[in-house]
């Protein structure tokens, strides 16, 4: 019958209309500013830098300014300048740190490649998207102070990932300590063999800090 | 499907005197291609489309490639017998030659009827400036129409026999061919907060000049 | 002024509408549709010459979203181009990823583990559902069904996007696939979610079809409009649902059998008339086949690694050579042609954009139709400007 | 209405907030012309139905059932610029498209606002090194709100819209701080660039575009 298709279609819209008053499947609206959507753990927006603790974010940044992310970033929105001096990192090794670390989030395309290539788990993806601003030159150019967020925040937004990273770092730290101990013991033994050296000296002798032992010195030339 | 060599042999039998050669692809994919001379290109394309064994009825993809002039240093080793009767010496000869540049158009052909492919055709221009003409294959496959226009727009290859050869992506008044390797883009690098490499060099032109304070005051004060 | 020299009007700047006089046809009217036009699916522009309300000439104008993707690809590493492919056809980023990954894998001879192949099939079919649903919504919007079908389509789209987001971290720009596998392994929960969605999608399609397929107004509006003959479609390189709507049986999932598609049982829907209604129906039927593939893939997904252990993320340098890889995207054959000279960046990075090439015959389909039909013919081609102009 | 009071803070408030609330409870609505104006203005911002690229899809998603931009009075997407108040530049502005975007902006009647949605519209984003990509629409037209993201979530667009509403509510309708559309001495139109042989001419509008000079030490 001509018109039956139309009527059936109207039936569908009527069903949806009525359903939108009681059926949870049809009540899809999120009341955004009042009710925040629960973001999935994997959600990514812009990168941030992980620091070990919240009280001294600049002192405990995991980033060692190796500049791999800077080279791999497809839209080239990261700018890093290495520091002149070194300071101990999370595992106690002396490392460089970023004197300047800028990300222009008005260019960033949230592709997560910086996170994937970072060998130090120093850069991770943030989930904060409410950063609309009226001035892009000051509001969207994030320096390292704006980028640094503590590890606890990382745990908050990506719990699984953060736990895995922490486990790995703890294992690395332990391995480094054991290696240091073994090296110290070997040195002490070596020192003890030809002539008895003061025990205190052997005990305090730290293994030579090897900042670039595992840090890739030069990323493959682009 | 026949291999590139077989197709070439068959084509040579069909078109005696045509310039056809096989360009081997050294990569893993081993999609070899046929380099055609301009004179017979369209006839060969029609033959490939209509041949019962090939029936390449679909031209899937048209690609422009820019090969600028390249300086190639070839090292050839030759053994020179010692005139004094000693052991022969190995001498390395370095020859420099300039490989002339050209623009290349690559066509990927498939057969929908026989479900095989790709057969890859290549056409090359004489050089990158005044002899940048190749025959258009749009009369053979409609699919080439917009893609050849795009190659014309971005690379400057002129397709002879194209029904409507105009710029397609850039505006008509635009003069350059931006996909060429030597294209220089206009300078708009005044705000580059995170520059690297080539961008850094271009952005530096917009950095403030070294301050006058660096110059000795007496000289700076002089008009 | 005669009709023949209208081609010089390619650059905008003249008046929007102007009358053209020609001694044989009386007044011809030239209308510039786009680049800002609600029905052009973005910034597409057509210069339409009308005799009364009948189209006598139609010239598409491209380039309003020409983002220099290919040039950027030549200046970026192989990995760095992956997120850019998301932004080609921004409704179906997963299939773009796959096409690019496939081309690079061909170029470098990189194997892919079985689980990753299954995940790719699952994501590609979800993308097909997403794309075709949205297309149906947009097409009906163009027909004048203002709002409702598009609303329903986007309601379902959000469900698929939630899946994508919880797997890859982003709703639209997934950047999920890598050379030699996929970035993260989907959890059992995620696969359950995908299964639930697949099972429920048939019901949605039933509802959608009740709303649209039998609707007499839609039939009257779309049947017999924008006919395309199989011979012209093949010659013009038309691929995807557009080609199959003309009755040509050519689906790369069957022809090339890439990935693990030969393992699944599905049919290729074919049209009879090659008109707008057939193109709509082909897409609906393809969605039903996609659901079949999805349930088979979700049932049969094997355990194992998601990435080839030898695959390199950084410092990826395929040896010199070239490769053309293609897959059946939702819009047609999406292919990547890569030339490597052994350096970390491709020497040439070419995208074969299905919706751009499908537009070749837009004029042929529109000639003799009315101007209102041009809108739905364009809608039925299913273009995304990010891919048309790149 | 009470939440809009912050916008005007007159030197000695004639009526305090508490009194105003009390009056409202009694059924008496007390307002100033300025508040009424900005309130109406900010809650009926009609966007132009204008999409450029990927972000446009998220803009459509924001107008659909799940995010429902209608809750903020902005669901009326107008196809004609003559009826629109808000230009959401949603996507990459190419050099070929820029004159059209500016022409649309010029055709919109005052009061009009511009949101640059997504990385491309703000700065050219990931495509900024392209030869045909404009490095930010703010080179040619004044932008009120920048929403970063690639693409921003629909919620981020809603957040940007709320920020715009806040900005509108802060407007004074008279005096030197009045917005552009209430000032006779300020121009509303932006010049439309021409297509040149290599680039747009001019490549930027100096009246709205002044990039800060970047002082950067040489890299060690």
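Per-chain numbering from 1; labels A, B, C and D assigned in written order.
To be clear about the criterion, a contact is a pair of C-beta atoms (placed from the backbone, for glycine too) under 8 Å apart; a residue touches a chain by one contact, two chains touch by 3 or more.
If you're wondering where the values come from, they're calculated on a predicted model, not measured in any experiment.
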Of A-D and A-B, whichever chain pair has more C-beta contact pairs: A-D
Of all other chains, the one whose Cα centre sits farthest from chain A: B
Approximate Å spacing (C-alpha centroids) for the pair chain A, chain D: 32
Whole-Å gap separating chain A and chain B, where each centre is the average of the chain's CA atoms: 41
Chain B-chain D separation of Cα centroids, rounded to whole Å: 44
Centre-of-Cα separation between chain C and chain A, whole angstrom: 35
For chain C, residues that touch 2 or more chains besides their own: 11, 63, 66, 68, 71, 83-84, 87, 155, 158, 173, 389
Contacts with two or more other chains, residues of chain B listed in rising order: 169-173, 178, 191, 193, 199
Chain D: positions in contact with at least two other chains: 65-66, 96, 123, 126-127, 129, 131-132, 150, 153, 195, 211-212
List of chain C residues in touch with chain A within their complex: 76-77, 79-84, 87, 148, 152, 155, 158, 162, 165-170, 173, 175, 183-184, 207, 210-217, 219, 313-315, 344
For the chain C and chain D complex, residues of the former touching the latter: 11-13, 35-36, 38, 42-43, 63-69, 71-72, 75, 83-84, 87, 90-91, 150-151, 154-155, 157-158, 171-173, 385-386, 389
Chain C partner contacts - residues on chain B that touch it in the complex: 25-29, 31, 57-61, 63, 65, 106, 108, 112, 115, 118, 120, 141-143, 145-147, 154, 164, 166-173, 178-179
Complex interface listing, chain C residues touching chain B: 7, 10-11, 62-63, 66, 68, 70-71, 106-109, 232, 234-239, 248, 250, 255, 318-324, 326, 333, 335, 337, 339-340, 347-348, 350, 352, 356-357, 359-361, 389
Residues of chain D that touch chain A when the two form their complex: 65-68, 71, 116, 119, 122-129, 136, 138, 143-150, 152-153, 155-156, 158-160, 162-163, 167, 211-212, 217, 219-220
